[in-house]
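The two complexes that follow have subunit A in common; it is paired with subunit B in the first and with subunit C in the second.
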Partner chain A sequence: MKWGRAVGHFVMWTAAVACVSPLLSLIVLAFSAQWPFPHLVPSLFTADHLAKLLLSPRLGEAVTTSLELALLTTVATLLLVFPAAKAAGLYSFRGREALKLLALMPVMVPAATVTMGLHYFMIRVGLAGTMLGVVIVHTVFAVPYAFRILMYVFEIMGEQHEEQAAMLGAGPLMVFSAVTLPLVMPGMVAAATMSFVISFSQYITTFIIGGGRLLTVPLLLVPHVQGGELHVASVYSLVFIFTALAALVLLRAVVRHYYRETYFLNP
Partner chain B sequence: MARITLVGVAKAFNDKQILDRLDLDIENGELLALLGPSGSGKTTLLKLIAGLDTPSAGRIKFDGSDVTLVSTRHRQAIIVFQDHCLFPHLTVKENIAFGLRARNEPRATIDRKVGEILEVVQLPGRQNSLPHALSGGEKQRIALARACVLKPRVLLLDEPFSNLDVNLRLSMREFVVSLQRVLKLTCVLVTHDKEEAFVMAERVAVLLDGRLEQVDTPENLYDRPKNKKVAEFLGEANFFPGVVADGVFTCALGSFATPWQDTRQAVGMVRYDNVQLGRHTGNTLGKIKDKVFAGRYTFYKVALAAGGELMASCKESFTLGDAVYVSCADHAMQVYSTP
Partner chain C sequence: MKAASKPYLLAAPLVLFLTLTFGLSFGYEISGLTLRHFLAVLWNRDFVVSLVATLSVAAVATLVSNVGGAALAFAMLKARVGGEWVRHILQLPVIMPHLVVTVVVFHIFAQTGVLARLTWWLGFIDDPNQFPLMVFDHFAIGIMLVYLYKQIPFVAMVCFDSLRGISHRFGDVGENLGATPWQVATRVYLPLLKPTLMATALITFAFAFGAFEVPFLLGTPLWRTLPVEAYLLHINIDPDAQARSMAINVIISAISLGLALVYSSALRVVSHVRHSDGERP
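What follows is the complex of A and B.
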């Protein structure tokens, strides 16, 4: 027993350190001015990188665009996925297994391949370089995850509560808003979180479909990483992480506000 | 409340016949039990009545008017499921008010009706609890309240007590019967438990392999099962193959009067508690082979001297190896002709 506990603690702490240490080194890097080779910590700290970036107009533009894209992608993904996941999770029909597989396709094929194919199509229909085009391509990559999550939630929920509501005389609208939606809300939050983060961290797809006309945080960040400007890249990364985090906390707060108490979030 | 009529109702899934042309009349205000083993199609029938599914053939009528194609929502037939199916995100009050809200009843009416029904199910003061804070019995009572508050045309109970422990189950049976009488509800109880069906229902419909084998009062069903299948399903029955000739059925247990005048192969059925064991008199001789004490009765396995075995339940005490005389009254022997 004692040994088991010790091993458990060791694994837990290793995992915790593995998760937090990259973030710590990012913070240290972001604020370091001089960090010569043999030193364990920088010899001089500065807030210059941060100040410079925060004052640059491109950062504001990138953050706004990233948030807009992520938000639109989330909404589009949920709207697309909800009916499909419900059908796949609850009803049996011909081609159900095929639908499940099909929904996973975009992440089974390399992203660049999918995006190149879509790019050609988008140039033809005039969506290349537009916000809508980029939202569409982000949605393509968010759908597989959101679909899986919601499908399992529907499978667990089953049809019984909806049937009960109908027997009690509720119309389709009331069944949906008073029963189905609240019951799958935890899944919706998870799927929304996933879609948001996926869109927020897209690089290659934004780059190809956006054609450089849409500036997002990853597009600002990557050249600095490649150019070896680690301090700047670190600051961008921090901005990136905290923007995403803030947006997700806000999302949960809104859901918590609308869906009473804490049944869903702490069942 | 309504009179429910099923006319030739059948249901098949992928060529598999689940229900085979059922005809059934459920009187207004009656509590009918639908008794059958699992997989006999009981729940399917309940779903057809509630409109959660449509029959492959036949008609369902409420008070004579055809509701076969009326949507679930407008049918006013409510199932209370075994796992109660309360909405977990709504309070007790909101759960009970759900159907009233769907009917757009005014708030004051809703409050009054919810209060009244909570009194009836003896759970006042639980209005603002969430379902997960309730005990199993309380959940079941709230689920009943949620259905009853709407005064449904028929209340359908799908094994509602099988998740409850024994004592609670007994009190819930009484509770439901009194609720049904007070509210004068037409009620169909689905169960696989004979005792539950007998104790609660005015009539019991036995459903075996998708066919209604017998619809009768509990007394008739127990004493005079219509065929061997029903007798076997109800249990505690001995079967004796024999022959009918000149109005007399002869088997290992003796000779018994039957209404049949021709000659035919038949099988006789005697319930365990209709077998009489005596030390000095009786039809045929046997020997106590096994004994199980079960409280009210002791079950004996008797090896007949003429060959064969039978089971008897009685209060007298015998010991293993005792020689006993076995007999059975004429009226206690049910005879079925064998095909």
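What follows is the complex of A and C.
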């Protein structure tokens, strides 16, 4: 019994170290100035090229575009998914399983495949190279995650709260704003987080539909990986991670501000 | 009050959006293609190599990440710590974009990478070229490492959550009746985990099968995965190449659709069995 516990601890700690060390090595790489082959640690550290890259106008443009795309994708995803997830989570109806399967399809069919097909259509209708076109494609791939999360939240919530409010004389708008929305808010935050992260990390979808007109952080990063310039790539990777984290922390703070902790549904 | 059409009205926008995007995408790819195009693609040796390689990489990544993830979840259960810190650490790889993980794999596993330096210090190699090729290699080790880094913690987290829901009691009963820890794991918890593992296996397989960036950046020049092959033909200005790209994409979509259907019917069987189990006294 005790032996099993020790093995469990060992496996878990190994996994934890394996999970964290990549991020640490990325940070070391971003601050290294010289790091020739046999050395295990850089022979010279510097923040110079970090500062230089951070101040470059291309990075500013890429971060702005990435954030815009991610925000628009999040809003579009939530608007589309919220009612559908409510239907799948609360009501039983013919075609419910089909709806669940359809919402899972973007996970199943490769993003590159769907995007190449849509590319022909978007060229024809003039959506290629536009922000709207890219947001549409990002939204397709954010849907499954947001749908799953919100569906479970609606399942847990049940119908009774809404019915009770309606019985007490609340109109549909009142029920939505005073009962439904506060109750599903934690799910909304989780779904928004996923949508945001998925849009933020898209590469091939943005590249194909954006056609070089929209510059995002992943688009800036990839050529440097291809060219083997890992220094630059590591700096962009850190920007990538920390911009996403900062945006998400901000998003959560804003939501908490509007809906005080007490409103949150405790799981 | 509750009209029968309500769920349909609620679901309509999403259904319309997805059928339109998928329909237009698939429609544009299949229109203009004839049987001749498909035969040309299927007869091509490069395509067959691509297909086999893509499916093999996805299968190996799925097998290793699900076995590893389930084992990690058992270890967490055995260590009896549901601590928040483990969750936070396991969440890190899930959140890390695979592009960033690709950079890290390059940095650690390339022939001049951190691991090669470590083996040099330990005296195993004298020269970077003696370090085994793990990036751009024919066996897709580099590609696989990215998938495993992201997927093992993902599978572990999902399995751990459902194991915790199952509670210790079943395992304790098994142990009291004299089962070894291995028997408890394989005879008690594994069957209970089956629906969870089916879902995670589907997700991990679909991801490894359809990923673009990772094989695009870390793949060998000898063969390409299907999405990368389709993309390189897509950006080719030769109209014949474009048609081949579309044909490959249609084949990819067919495989994905088949996978989804197999999964949904398998899930129905499992949930049916579970329900009938639950009704037993």
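The rule is short, and it goes like this: the second predicted complex is superposed on the first by the 250 of 267 C-alpha atoms of A that agree within 3 Å, B and C clash if a C-alpha of one lies under 4 Å from a C-alpha of the other, contacts with A are read in each partner's own complex, and residues count from 1 in each chain.
Keep in mind that, in the parts below, a residue touches a chain if its C-beta (ideal position, glycine included) is under 8 Å from a C-beta of that chain, and two chains touch if they have at least 3 such contacts.
Because the structure is a prediction, the values reported are computed rather than measured.
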item	value
Partner chain(s) touched by A:72 [first = subunit B, second = subunit C, both, neither]	neither
First, second, both or neither for A:22, with subunit B first and subunit C second	second
Which superposed partner A:165 touches (first subunit B, second subunit C, both, neither)	first
Residues of subunit A touched, compared between subunit B and subunit C (which is higher)	C
Contacts of A:178 with subunit B and subunit C, given as first, second, both or neither	first
Which of subunit B and subunit C A:241 touches, first, second, both or neither	second
Residues of subunit A that lie at the interface with subunit B and also at the interface with subunit C	166
Of all residues in subunit A, those that touch subunit B in their complex	160-161, 163-171, 174, 178-179, 182-183, 259-261, 263-264
Contact set on subunit B toward subunit A in their complex	50-52, 71-79, 81, 83, 85, 87-90, 98-99, 101-103, 130, 132, 146-147, 150
Subunit A contact footprint on subunit C (complex, rising order)	1, 4, 6-11, 13-15, 17-19, 21-22, 24-29, 71-72, 74-81, 86, 89-90, 92-93, 95-104, 106-108, 112, 114, 117-118, 120-121, 128, 149, 152-153, 156, 181, 202-203, 206-207, 209-213, 216-217, 227-228, 230-231, 234, 245-246, 249, 252-253, 256-257, 259-260, 264
List of subunit A residues in touch with subunit C within their complex	4-5, 7-9, 11-12, 15-16, 18-20, 22-23, 25-26, 29, 37-40, 79-81, 83-84, 86-88, 90-91, 93, 95-97, 99, 101-121, 136-137, 139-140, 143, 147, 166, 197, 200-201, 203-204, 208, 218, 221-222, 225-226, 228, 230, 233-234, 237, 240-241, 244
